[in-house]
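Just dropping this structure here.
Per-chain residue numbering starts at 1, and chain names A, B, C and D are given in the order in which the chains are listed.
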């Protein structure tokens, strides 16, 4: 049985250590914050210029001067600090974020990631994604294992324009968890979702990977 | 006397705007954008503008109103995905677009203001962004050269300002405004409140007055929110953290 | 729990100091220097240190006490002219010195903390500073490539800090401290006052807590002044303006 | 009769326009602030991280956290702002200072300046001088016309290690005022101190210069 989006987020949350500074991308990654155990001291950064993101505001208390990188209204907490976008990306590019969790369209067996554009469709722009994958100490990708068409998203080589090369450390899909032994590979399957078989994952994965299912709970 | 305060956006931009000029505009999404100065540019009718701005507003607000009015020739941005009109103009070949990674864009503007001709970043190496640009190794990693950006004019938005041009920003409305204040050959700021010189804590000033040539107080800020997300009052555990 | 506050300078540096390490030390002259951490380094007896610091203190205060104690192998600085001991050690070949233009030093530290491998500046072009370094033309001007600097440890001084490591500095005691807070692999800050988290205005925080690994509250700051210059109370027109 | 230091400073002050942002070096340049006419709106920057320098403090009111780049105690004024040294030099290098006034040991006829070190003597360091001459919109040098030995300081080419090349716009000495028509030369004599003759200046100057004494009050 494949994991739900919430279960994928919960699995990603297990990678977050007490004291971490984390940047969460748009989509499934935003669910990760809610999956953290109580009492953990984790700070979330927003690349428009904020460290220490609070919960969404109560209705009527939205502040137009206070939004996250997804342009959603948020709140501040006691530890919050604000800074310019140049300082926000100095923080990211300088290797000060412990973890970046992003969605993606494709990941290659060497840890390349393609998550910002599909040629022929309208270009929206990469936003902060290229800086995040180049700068964060650890990069975790949260994505469906295959496209709607059934085509694999874990590939030998990405076919879409790249966001970064040899930058991914872990991939969590609805079917399985993979990690890169080191940046650039090799890719290693370390966990299967309940009742998901190795054969199913092999069938749905183009990327070559080693199998190291020690932690598997199947 | 150094007189920086102008009556309104129109007068502050009078004689400044020219067809084909390059303008930096502060803001992230619709947060911290110079609403009054954008409206004054619209009313001026100046055209063939190149804007350096992280985004391009929405269809009927922010820089989007200049798009709709046919005044924009080119955008240098990082994300333009909230704007259907942008999409149509771009696909019709009526709009040029140069996309930069957001951090690279922010740093290029800082560099332009700080007298840095160019800088090496790991961001974008191995991607289309780095194509044709020189690279260099530092400590065994490949970095790509990005150049500093300046503009003929910067229009920015701050929270409070004094008559010397000292500015402070509020919360995430700071974003690109401080760097753009350093990188425009002429810098015009709009503020919500003009305070007496000396009223701002000198340790707290985000943009020293030297960077600001002209200042106006906006008469009404719409401050539209793109995505209002709230949580129920009962359950305080939900949220974005 | 993220516990950043340590009992004192000695405990905060316990197990951190190693012979031969590279340390960034904040301050300009004797203003805004981490007095307690410098004393703790002296007492540790660690040696062969390389310091990245704008100056090197005076003979008996600031980094000068580490010079006097024979713990410094090399200085990366912009101006070391207030220190006779420095002069003697240097002339005797007992001290290495790498001089950087002050702005280049400040920018190299910022670059190191900001993931910028190198940057091009006009500063020093045509001088000994640029010898052997690559140059490049931007807009018809020649710029020289300078590289980012990082350190094993940064010791910095702030005015107030909270338990999350958020810091604010006071007046010109800010100087090199904020950049050094970003460029050390371990960053230890000493503050005059520890305040409750939430007590600092989030728009006013100069160094976000993420950059600070350890924090101590100094028990007594000497804050020596190098050049006391005053004006007579009667004639208020004299002065440095 | 040669100009005094105060008269040299006053001559330099005439180059300051209302609204200017100015950085003053150590030595004679510090006297320039006192030579400004009342009512002029001029801000002085200190490259350690301050814009808007006030007068020296009253005795007993010195603040160790408030010094100028010469490490002297100073005060703040209503318009003061503080920033980091990186931001201070971003301001200088980015061309935002209207004027830098410095002392010097040598200036060449192409506007090179040497004012930071004498080989064989102890190296103190260039401090911010290289950034100031490279970054300020206008650079004025205030110096004695000749060395104590009588040797000229305005040379064909500097013999001391350079601080910057083709950066000087004006030289004010105790004998005369020179300006560079544009950066890099040619050098032009525009003013003589009272009773100082062109022949005296020619005798004491190695650099080639044009004579354009229209403004001379001799």
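Please note the rule applied: a residue touches a chain if its C-beta (ideal position, glycine included) is under 8 Å from a C-beta of that chain, and two chains touch if they have at least 3 such contacts.
On a predicted model such as this, the values are computed, not experimentally measured, just so you know.
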Contact-richer chain pair [C-D vs B-D]: C-D
Centroid-based (C-alpha) most distant chain relative to subunit C: A
Between subunit C and subunit D, centroid-to-centroid distance (C-alpha), Å: 28
Distance from the mean Cα position of subunit C to that of subunit A, given in whole angstrom: 36
Computed distance of Cα centres, subunit D from subunit A, in Å: 55
Subunit D: positions in contact with at least two other chains: 76, 82-83, 89-90, 92-93, 134-135
Multi-chain contact residues (two or more partners), subunit C: 107, 110, 114-116, 121-122, 169-171, 174, 202-203
Chain contact graph, described as a line, ring, star, complete graph or other shape: other
All chain pairs that touch each other: A-B, A-C, B-C, B-D, C-D
Sites on subunit C touched by subunit D in the complex: 28-32, 54, 77-82, 87, 90-91, 97, 99, 101-104, 106-107, 109-110, 121-129, 159, 169-179, 206, 223-231, 233, 236-241
Footprint of subunit C on subunit B - complex, ascending: 107, 111, 114-122, 136, 138-139, 141, 143, 147-148, 168-171, 174, 201-204
Interfacial residue positions of subunit A with respect to subunit C in the complex: 18-19, 21, 39, 41, 43, 45, 51-52, 76, 78-83, 89-96, 134-135
Of all residues in subunit C, those that touch subunit A in their complex: 1-2, 110, 112-116, 162, 164, 166, 182-183, 196-198, 202-203, 205, 208-211
Touch list for subunit D against partner subunit C, complex: 30, 33-34, 36, 42, 44, 46-50, 53-59, 61-74, 76, 82-86, 88-90, 92-93, 112, 122-131, 134-135, 161-166
